[in-house]
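Pasting in a structure now, in structure tokens, and then I'll have a few things to ask.
Per-chain residue numbering starts at 1, and chain names A, B, C and D are given in the order in which the chains are listed.
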């Protein structure tokens, strides 16, 4: 079966997804829509798809699924529209910044009988996925402590930050999902600290740039997350899982494998410093998953509900910072 | 000047200190006391020192300083005795498990005009000291986030655990001191989580074996500590400091530098798994510091007061676990 | 300018080149020829190019350059044909196993005024290219000693081996070119040793599977190459250049960044074990170079003459093995 | 049994050996001789041994063995003297720069029934010994290719170089012994190249500073050695053994475990750059071996004969450089 897909949005990440579809033999990109018709036309020309409107895509019986790559505040409405039109939906995170609305469209997709896959792309990173596999294969026994280090190369501009929902809902949310993925149990309690150390303007909108989080499950397993909005040395993305029988970790990706030894020591390349380069294989991996879950008629590995749960924990982190309390989830 | 030293205690760590003194040209071990006269005699014979009683050492005008290497519950009384006798004192941590008593003997040493150095040996580890130097040299700019990972190879036996004061006062306290060393500012708030995941009997005495801590300074700098009482892969001791201009980390010590590549991947040695082997250079370093602070008549880098402060934070960690509150220090 | 290209051959490496052309905005694949028309048709269909005959491509005025991806024994004739037809030619190594014929077609291409680029892909590997750049930037001063380790995951089958020209002309030749690239001077002398340690049948055809080579330039710089036709741990590809001021090395590529620590040590993934995976970026890089040298009308970084020189050194290696002499080049 | 030892020579390496003896419970240093009586007296005072003459040591029935740590040109005569006096002898390499004289004293020691241990200390390095053990344990199957990289931090001064016997007999000889240790078979052929790239004055005395060697055994196993008399990045000492089932390597020793990540990449410490620091554990290990082979009355792991064989190969290296021939051993 060839899964027929449409892209809603023709921006940067849409282009990444288009490339990932192009190398597949089991899928084809057939249509592209964008608020800017020129953008849709350019991506369509490059890929052999046709430019179309959202309505045309929703009513095209030949289209199996859509990938929603538009601004966050349009996600929920688009998911709702396409779910009601019977299309499977892949959506970049988040479903919505409001829990109730996010839950609502998750329910709508469920009732419509379509798949709603959320783009928690990191679960598809080959290293992180290999770590998860090592854990479920029993290599380190019972999981006890998870450590997630996640630092962006630089802080977002203020216009992005203002619409982002704040660091916990925008950035930490990826790590909260990763913690759930690696703990293998739901967090039951959370404590969080936060400060503005990088970009003072963030204080003015009540946001933070440097945060630390402890999650604890009902059985006592703990996960620690540290986030910063600035790492001069690149895009710092590491995980470590300590268990009864051992430890697994996944280290960073350097720009290349060159090392120079001089009188003052050895020097290696810095980290890859752009999320699309660092996580390129994971973006390809999530597209493979979306295609496969349609052709195999099964649930995707990351669902809209995963987005709702991660959002709920993100909100609890913020509450912990504001109240000085450990928050029960 | 040759600094003349006496050892109070002739056990395992006392022997380590005796070896560290033996290779120095600026110090000599002249006397050894121990509750077991045979132990004192054996160590004396091996080193050319004389076996003596505590009182003989206290009243021997030729002795400049003593190293207290006896059980924890004797520390405060011995510090008091030797301080009043005008001897400089090096003492293994802690001064005392009770803050008031610890503060009291710190004050007594101060009034007696003797140096009271506390054995927070890790500050003298060549790697950790190099990290601190890189920070104070401005290599990474302003410090923002500290991450300390500290895992013992195995849990202590129950008789030790019962007298230890609990994981925060016994084990985490080293990391609390390290956090202060690396943050360069005093922590102002602490949140901690704790569980029993390794050794169920610890529950019976109200202790824990798996803990996570967040410290935050008044300016918003954060430190995260993760501790476990069991690491199958060895004695896991790492630090990382993230700053405005970069990051420094100090990695673990492997048993050797051998690597084997086979069809299923590359294998290296496990970590050194005994604290006296892993930290041998740091034990030597603290002895150098004690000798130097006497011969140069200056304060030691780690004082009794550092012990009091770390103990206060350890108590706050426990309070946070018990109350679910962020505790102000 | 859009450079218009044709593929001669539609096999495995031709497909890799087709993908590399597809992501470029400055080039287009317009035609594919293959001795098996179905193969040409399949690749043409997948890429939007047309299937064509060799003659059609040679006479198509719209085509700027061809990529020769056919069996070795057809290379020289195809280069000659397309050079005479005025097409720029990219050819997989070698030009020909016979020096005189190889030189002849290099001369023909030169006289025809077309570019003849040889597929010494490793020069375009991002790590090796970064090493070369570090050297030419003066980071390690004058180059003194080069060490190249190159081991295949497994020995070729006997039918391939019989047609390959032997290990020096088939496998070592890549390392001989890399040595020239890194030394920055021509080798003047060579000594080589060789044995059959992996695949005994190779003895029957006078070939080897385990060889070591020393190259020395007129100024005394030395390069050492070690080759084996079997490495259980993957495709082992490393370089190191020692100079007056320091050293550069480029390490291997692991399959992923996962590490597992257990009681007996730490384990990482094995090496990538397929040359097309390991060197994928270098294959893309050589296509970029071919396109650029056409659009910029300049010589390619690796020419047919580089192939002739490397072949001459490979022949000298074999002579050294057979005579026990250091051979002057 | 307590093995009673005397040091002949009281210089730098003698002091290292004295420290290694001091921490043993199964041995005691009882006497020290040196051409400079003050040097002997100082070392004796520091260790509790007595200063003595060579004759006094040779005739002291209480002394089991001597450690010869004097200049190279005195080794053979001292070995002969002490062997005839019935003392076991540990001698720094080489026995003598002349094969015939070296063989002669090996024979004398043999006839006298005393042990003659040669200080090829690297065999006792924990990493190299672990590599050898992995090989003999069958971890990598049949050994095929050995790679030894050995570079000194800096060139020797000319007065040392003039007496050293040249780079092959002075420096490469350690690697020739290591190659024998790792190959597990005797080399049968050798090819070598050499040049002066570091210190031009060496040309004047017919010596070299940059050499490469290939050794081949009768079964075709190959070892490659690269040596340089200057490495700005420290004392570069690595081995690698490739076999049928895998590969083992032993990496360098860094000065510490600190790493700094900045915008231009990650930096680690340089290599330990002094042979006595890098190889300190191996010096201790050879002393343990000498004590043990006396107390257990067995042959030492490195004998005078190992010195003779390595010297013979070193001479063959030089002959290969001079004649351009592969030399049969």
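Definition applied: contacts are C-beta pairs under 8 Å (C-beta built on N, C-alpha and C of every residue); 3 or more make two chains touch, one makes a residue touch a chain.
All figures in this text were calculated on a predicted structure; none of them were measured in a lab.
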{"item": "Furthest chain, CA centroid comparison against chain D", "value": "A"}
{"item": "Contact-richer chain pair [A-B vs A-C]", "value": "A-B"}
{"item": "Whole-Å gap separating chain A and chain D, where each centre is the average of the chain's CA atoms", "value": "57"}
{"item": "Inter-chain centre distance, chain A versus chain C - centres from mean C-alpha coordinates, in Å", "value": "39"}
{"item": "Sites on chain A at which at least two other chains make contact", "value": "232-233, 245-247, 261-263, 269"}
{"item": "Complex contact set, residues of chain C against chain B", "value": "232-234, 254, 261-271"}
{"item": "Chain A residues touching chain C - in the complex, by the definition given at the top", "value": "19, 22-23, 48, 126-127, 130-131, 134, 139-140, 245-253, 256-263, 269"}
{"item": "Contacting residues of chain B [partner chain A, same complex]", "value": "142, 144-145, 147, 149, 151, 189, 191, 193, 195-198, 210-212, 214, 216, 219-222, 224, 226, 228, 230-233, 236, 242, 244-247, 324-326"}
